[in-house]
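Look at the two complexes coming up: chain A is in both, with chain B in one and chain C in the other.
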Partner chain A sequence: MKLLTLNFLTCAIKTCKTSPASFPLHPRDAELEIIESEINLPFLRNILPRLMWEEIRVIASELGLPSLPTTPPTREDLVEGASQAQATEQAEGEAVAEVEEVPSQTAKDLHRILLETGIKEGKLVCGNCAHEYKVMEGVANFLLPGHLV
Partner chain B sequence: MPEYLVRLVQVHESFRKAELLALAELGGVDIDFIHYKEDSPFAVVKLPSDLAAKKVVSRSILSQGVYELWGQGSTYKELHESIKAHSSSRWSRYEMAPFRFVLDGYRGAKSQTEQLEIINSFSYLGFKGPIRMRDAEQTFHVFEDYDDKAKTPKSLYFGRFVALSGRDAKTIYDLKKRHYISTTSMDAELALLTANMALAAPGKLFYDPFMGAGGFPLACAHYGAIVCGSDIDGRSIRGTGGSARKGQTGKMDVQGNFKQYKLEGQYLGALVSDVTNSPFRTVQTQGGPCHEGYLDGIVCDPPYGIREGLKVLGSRDQLNATELATHLERFQEEGYIPPKRAYSFTAILDDVMAFAATTLVVGGRLSMWMPTANDEDIELAVPTHGSLEMVSICVQPFNKWSRRLLTYRKVACEQAVAAGSGAARDPYAKGVKADELNDFRRKYFQGFKELERQRGEDGIRAAAGDGQGEDD
Partner chain C sequence: MSSISYWIVSTAHFRILCWLRHSNMLPTPSTSHVCFDRVYEPAEDSFLLLDTLSSASESGFLKDRFNAESGAPPLVLEVGVGSGVVLAFTAANAKSIFGRQDVLTLGTDINSFACKAASQTVRTALNDNVNPASTFLDVVNGDLASSIRPHSIDVFIFNPPYVPAELPNFTHHDRYSVLPPGKDATSFEQDSYLLELSYAGGEDGMVVTNRMLNQIPELLDVGRGVAYVLLCAQNKPELVKEQIREWGVGWEAETVGSSGKQAGWEKLQIVRIWRNLK
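Here is the complex of A and B:
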């Protein structure tokens, strides 16, 4: 499971979900894998405002990944030299030239963390009730035992 | 707006118009239906331009192509008159272009010589370009629509080819060629159609809460979406012994399907989870009465009922103290199976509706299949929810039963709460800049091998899980 999914997951126990401490889940004993893929700017742009930034920083730091900036990046931060492109456009007198967008380092970093890095084996632990959800072959198991439903 | 002819396929009739409307909405294109009948494969629509026509039809599963309509009639005499009256201003534009003519009969055909005769009757168009059966720049289609077993066509259309549909995806994703399938896999045509109805597209996030072998997420990924899914049955995701194909050996799983179609980069992964005990974030994060969702679309084919074993987590009867204690004692053991109980189909549909109302972004769509009747043949009511507006109901009839594809759109909250912007959210920002360009960071972004090595060096390597037994 790619790390982006952790941005959407809480503890599955109903009484726990309402507690702020049940989000994000904390990876433990995690074996990571990277599956490389082409950077997807439209997706990053779309998903950016939906990210819980502080929580993603927590997860990245708990996994021992490079630390992320404290302030969430903006959509403008995702592309390189937007102003430059505008200038060329003016110079050539083009009306609506389709400018090839160049992803910024920020975009590449986000892509690497959220969409290329995944948890292959390990556990996800609830910060509220300490229940552990196992991850096996990249698939997390959120089925609750009888006494917790 | 000019008129276009959409050549539809004559299957899943009640889905065809809904699909075109969905694709028009997705492309931001105005479409007006001038002529549409369930029993005809020819629809006449108004669209702003060739480009708009292409936008709408090129993804369509239930059409074959779109043509600029030059004329129509019930006899050839009428057709020619119509072409002369409505399209003569266009003729000169194609005067020198390499071209060809195609005669396309629905439920009827003409002999070789008759075809030639018909084509020659269009000579007044004055095309002087070379005739090319291959690589023609322009293709002109004569469409004949026959009643069943009739000798002469009842209607005729003439049009200039604009764009092919996306129907070839049906063949590409054919279950027969798919790496991994299960007994409940939805056929490729309907899975792709579902993805179209839900407006799957590049940049979007899609989720299937009953993914099975993952056919819906795969279809959504085909249209460019980033996808994930879940299922209460972990075997259907991991594929262990779950394939419905005879003689299948080796590791077959959902991940493998994404690999097969080179869509791995769009697959976020899957979870084993029960829809009624979902780990997906549903709690309001910004305060206020409205939920700010994060999913652009939800597509699913829920289990239909008792025969298919609709189960949710929990026990039928309340567990007593001793039973609770036994579960607590044993749940971490290998081979522990969480208790499950039967559940009602209508209740699970309502659960999906409530989930969608919370997790979808405004304008996001839910496309969900449901049978018309339950196991006791009681007609099931179409579920409703205050935040979900009905977009379309499409019916697939079978001999003894039928099922429907319901599509909803999440509507904006009435009392628009001032949406908190992400910028104001970090009260801890003290301007302390994280060391962004340290060695470790750089190596991490260079690749995993580097990361592994570095993590080892840094002594922070996490203990690797060592493949414990399955418990689902």
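Here is the complex of A and C:
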């Protein structure tokens, strides 16, 4: 289960949803796996405003991953020599800039953490009610006994 | 018409439908790795969703709603992914449907075998593309959208268990949703239970769908959220749409796709649910 997915999940217990502590869910006893994938620069740039940065930092540090900067990267931070590329763009039109865009180290790190690092086995714990959701073979299980009536 | 001959006619009709799909439309994702003994096999309802989402009118609506100025990447959630054929189709054809390649896709299913099968279907469909068509998140195991952050979904898709038939007995769910200890195959009772989950919808076939509809206002993005829900004629679709329009100011519900006309009745239809705040 990808770490970016945690950006969109919360505790499945109804009464927890209104509590800020139910997001993010906290990984515990997690066995991680890396599944490499092609970096998609336009996607990374566009997703920035949807990221709950502080929460992602918390998750990354709880998993013992290299610590993320305190402030989210900007769009420009994701492209190698972005200021230069902009200059070219102005001079020669967009096509040139598109071909030459190279992901920066920041972009590669972000891609690695959000989309290539996954929880294979372990638990996700709600910070509000302490309920533990199991992750098995990469699939998180949010079924509660109360759902099955 | 006796029920057997009707079955033969409708199967033949269905084959033709499948064949037509392949001849002139966006490709149907491969589900050849999926074991249909315990995961719902793509059928007329699944294909109606594919055809509706990729129709000129719906993709026009979606392209307009999710144009670049509308903001950050849209998140598509399909509840009850089954084989994953619908989510994989949406993921692989995001450019044709939404006009953008930064779409995110996420799925849920109550059947853990479906969760795994569907992830594989989406990954395979995306690998067939040269350029990244969209970004696939995961399929999580759970009840409806209970684990999804409120107001985070831009496009919601649901082909529910819609047949008016008694709901399955959930008592053994935990045991039935994994392989029996020490075995590498599911039991017959287990498979029957998992398949019942995929079609049995209780009274009017609406028990599961109604539970889901109740969550939609809280689930959808306030500004641009839109939902597609499949209904069959026995679900009383006209009544369902009227009830949705009574959710509050701006809520709309329209039939945007249908199939299997019988004596003037559409057998299956796709209802689009959205809020018009302008």
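The rule is simple: the second predicted complex is superposed on the first by the 132 of 149 C-alpha atoms of A that agree within 3 Å, B and C clash if a C-alpha of one lies under 4 Å from a C-alpha of the other, contacts with A are read in each partner's own complex, and residues count from 1 in each chain.
We adopt the following convention: a contact is a pair of C-beta atoms (placed from the backbone, for glycine too) under 8 Å apart; a residue touches a chain by one contact, two chains touch by 3 or more.
On a predicted model such as this, the values are computed, not experimentally measured, just so you know.
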In the superposed arrangement, does A:31 touch chain B (first), chain C (second), both or neither?
first
Could you figure out whether chain B or chain C reaches more residues of chain A?
B
Please work out whether A:43 is in contact with chain B alone, chain C alone, both, or neither, and reply first, second, both or neither.
both
Quick one: is A:65 in contact with chain B, with chain C, with both, or with neither? Answer first, second, both or neither.
first
Looking at the overlay, does A:129 come into contact with chain B only (first), chain C only (second), both, or neither?
neither
Looking at A:147 after the superposition, I want to know if it touches chain B, chain C, both of them or none. Which is it: first, second, both, neither?
both
First, second, both or neither for A:9, with chain B first and chain C second:
both
Looking at A:102 after the superposition, I want to know if it touches chain B, chain C, both of them or none. Which is it: first, second, both, neither?
neither
For chain A, give the residues common to its interface with chain B and its interface with chain C.
1-2, 4-5, 8-12, 14, 17, 23, 38, 40, 42-43, 46-50, 115, 133, 137-144, 147, 149
Name, in rising order, each residue of chain C that touches chain A in their complex.
71-73, 75, 101-102, 104, 106, 108, 110, 112, 115-116, 119, 132, 135, 137-143, 146-150, 152, 170-171, 173-174, 177
List of chain B residues in touch with chain A within their complex
202-205, 226, 228, 230, 232, 234, 237-238, 253, 255, 264-266, 268-274, 277-283, 285, 292, 294, 296, 313-315, 319, 323-325, 327-328, 331, 336, 338-339, 361, 422-423, 425-426, 428-430, 432-436, 438, 440-441, 444-445, 447-448, 451, 455, 458, 460, 462-468, 470-472
Spell out the part of chain A that touches chain C in their complex, as residue ranges.
1-2, 4-5, 8-12, 14, 17, 23, 38, 40, 42-43, 46-50, 115, 133, 137-144, 147-149
Within the complex, which stretch of chain A touches chain B?
1-2, 4-5, 7-14, 17-18, 23, 25, 28-38, 40, 42-43, 45-54, 63-72, 74, 108-109, 112, 115, 118, 120-123, 133-147, 149
